[in-house]
Amino acid sequence: MSIYQSLKEQVYEANMEIPRQKLAIYTFGNVSGIDRKAGVVGIKPSGVPYDNLKPSDIVIVDLDNQLVEGNMRPSSDTKTHTLLYKHFEHIGGVCHTHSTYAVAWAQAMRPIPNMGTTHADHLVAAVPVTDVMTDEMITGDYELETGNQILNIFKELNLSPEEVEMVLVACHGPFTWGKDPAKAVYNATVLEELAKMAHLTLTINPNTPTIKQTLIDKHYFRKHGKNAYYGQGC
Amino acid sequence: MSIYQSLKEQVYEANMEIPRQKLAIYTFGNVSGIDRKAGVVGIKPSGVPYDNLKPSDIVIVDLDNQLVEGNMRPSSDTKTHTLLYKHFEHIGGVCHTHSTYAVAWAQAMRPIPNMGTTHADHLVAAVPVTDVMTDEMITGDYELETGNQILNIFKELNLSPEEVEMVLVACHGPFTWGKDPAKAVYNATVLEELAKMAHLTLTINPNTPTIKQTLIDKHYFRKHGKNAYYGQGC
Amino acid sequence: MSIYQSLKEQVYEANMEIPRQKLAIYTFGNVSGIDRKAGVVGIKPSGVPYDNLKPSDIVIVDLDNQLVEGNMRPSSDTKTHTLLYKHFEHIGGVCHTHSTYAVAWAQAMRPIPNMGTTHADHLVAAVPVTDVMTDEMITGDYELETGNQILNIFKELNLSPEEVEMVLVACHGPFTWGKDPAKAVYNATVLEELAKMAHLTLTINPNTPTIKQTLIDKHYFRKHGKNAYYGQGC
Amino acid sequence: MSIYQSLKEQVYEANMEIPRQKLAIYTFGNVSGIDRKAGVVGIKPSGVPYDNLKPSDIVIVDLDNQLVEGNMRPSSDTKTHTLLYKHFEHIGGVCHTHSTYAVAWAQAMRPIPNMGTTHADHLVAAVPVTDVMTDEMITGDYELETGNQILNIFKELNLSPEEVEMVLVACHGPFTWGKDPAKAVYNATVLEELAKMAHLTLTINPNTPTIKQTLIDKHYFRKHGKNAYYGQGC
């Protein structure tokens, strides 16, 4: 049995949430998880349908994207995942989907505005959208540059990856993360719901304002941080 | 066995309707029920996924929000529920969800107009939307003030909580109620359907008028009140 | 065993298609069937959830709406159904739902235009919408007048109930019919799909024209009439 | 046992994906497959519901649409399928559905623009839409002319049927194809998702541009062609 068995199972379970939550069709999407002590990442193999996926299929790579264990090629988005793990030091899982409403916002190149408490329960800001990549980035190390675009927009907007655990890559789709692979895919489901709610809200009232800062703070901090009183504290 | 066993089971069953009717994802949403003789309210514990919920998890509190029985923290929305029970004297259940279309109307801060008989079968008026809370309310006793905003809009519009069993809290989402917990969650499902129908109606014809008062009365009173002839009278 | 057992089973089966095809929530909607030889109609009892419905619950009434057999009250829409059977002499089943998209068009009081072959496969015209009822009709024999509004629009537009097996009652929702109860509910499903397609088509291109008459004729008559060559002729 | 047993099973399996992927209701839609060595096509029989379909029901015809084996009439769209097999020499399967969003674009007579990488992962161009047929074509050999309209638009736009495996027939709906029947129906599912994403994208930002050519090339050629590195190469 692999010494990475536990990581593989955690990553496998999180990947299987993608079809269960209807976040992607066929083989689209992928979730990874990191074992920071061992310095390895477990990630979905490329192009394998969820129905066929087994825990032992999860590919183990190091943070330089070198194969450590596995019989299949890792997801072609691996370099994006590992770059996020290198720079967002407190995250334990990353998820990428092509969920319908989040992709629509990414294609429209519009950040998802924070217009209600469902959004504020999960993040303090609009869901950011990266810049479109330059031709040099696209024809260069594309998947690495996808990760760089995410880092760039977080720097530009001065966002914390602990307070904003999701992003839209322009013309592409969402990446989400969290303390572990399960939380990363949870955030992907939440993002899809926020994307749908925001779309509907703006068709009902195109002039809907962003909610007030006091309400954002109230909802975000009753769930997060040291004074949280929402949930069972686990 | 708890002396509140029957209340707990009724509240548990109503909560389980939330995922069955797809009114919320993960742990979002909560239903409560009241035993007016015993003066206690049973409510969903905070942050527990529906898949894990058991009847014995239902938390019993009194109308002053004091814990009477239970091992978990009650829903963080408990104060909103108990305030409604205190002021709406004939209701037996309260339901709060983040259902997608109802949230969109709440975020858009628009009442849902009564444009057809599906709506008139259930309530005589537009679904009201509260005012946005002041900063004082938000930073004060937030969940209690959420309830006060509901009471305020009912007073302002002179609505009866027996004839209008649903409301949208601005920037947040729907609260519904009824004679028991099952009816409260039934109303949440109906509200979501009305919210979707109204959204579609206005995209097809933005100038759709409210239906005539005679048609509202006909549909509402053939189902409700002493001359009702719709349903099996139970 | 009832001498209407076969009718009851046919009507029961057709009613159960309503939740299977997601055409209505809870107790909304009803299907009836007629035994023209016996001069009786079988119809869903009022206010019974589909989960509890049994073939023996189907209520038998005559064409004057008098109870012939059954322990429950017939659907409150019974008079609409029987009026249609009296005037549309070749139909064998009637279905009424509150399906979401069809209701939206009915509330918007707009006929559903024939913009493609999915529509033309099933009917030659736009799906008609009745006039809004007068106050006299509403406060009079309401459910009978609902039927009269359907007859009126068919006369006004010179439509054949064999070629157009569906209608929208303004501010209310769809009625459909066919040679038997199964065909009536089939048409309700088709109508919901046409309503959704038309809504989407007009959001993509608000100036989409009606399709040409030659294409309507081609699609309608390859499926219907004596030169039909579509389907297995049964 | 039929000497076409393997073809029949492949075509049967692909047809059953239509209801599983919710690409059509009732009997709508059909998939075919070709055995190029034997010069025969297997196709769904006309008007048979998916629930009743068996592998032995698949009808075998030759490329001149003559019945080779089968007890039922082949799909009325057979001539469209066989024309595509004659002219698109490398394809092994064809699929036709009435999926909701793809039909809406076909009715709106608008090509689906390439606005993101989900689209570019599958094809290099906008999804083309044919011209509306002339009255002569409609009243002539209609199903053959449907195929001719597809060939015409591919010639006009200089598209390769290997690089663009999907098309919208104006006022009608989608046809898709691929190396085998399974790939044809896979493309039908992808097309429906692209159609929905594009619709939503344009409601969020009506001025969304087409994505840059470098990004189209990057995504298309990392999955397709001799330098592909996406998927497991199978």
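Here the chain labels run A, B, C and D in written order, and each chain numbers its own residues starting at 1.
As a convention for this text, a contact is a pair of C-beta atoms (placed from the backbone, for glycine too) under 8 Å apart; a residue touches a chain by one contact, two chains touch by 3 or more.
The model shown is predicted, which means the values in this text are computed figures rather than measured ones.
Using the contact threshold fixed earlier, the set of chains in contact with both chain C and chain D is empty.
Residues touching across the chain B-chain C interface largely differ between the two copies, under half of the numbers being common to both. Between chain B and chain D, the centres computed from C-alpha atoms are 46 Å apart. Computed centre separation for the pair chain A/chain D is 33 angstrom, with centres defined by C-alpha atoms.
Chain A has residues 202-203 in contact with two or more other chains.
Judged by the touch criterion defined above, the protein chains form a single closed ring in which each chain touches exactly two others.
Per the touch definition, chain D reaches chain C in the complex via residues 25-28, 45-48, 72-73, 76, 98, 100-101, 103-110, 132-133, 135, 138-139, 142, 171-173, 199, 202-203. Residues 21, 115-118, 186, 189-190, 193, 196-198, 200-205, 208, 211-212, 214-215, 218, 222, 229-232, 234 of chain A touch chain B in their complex.
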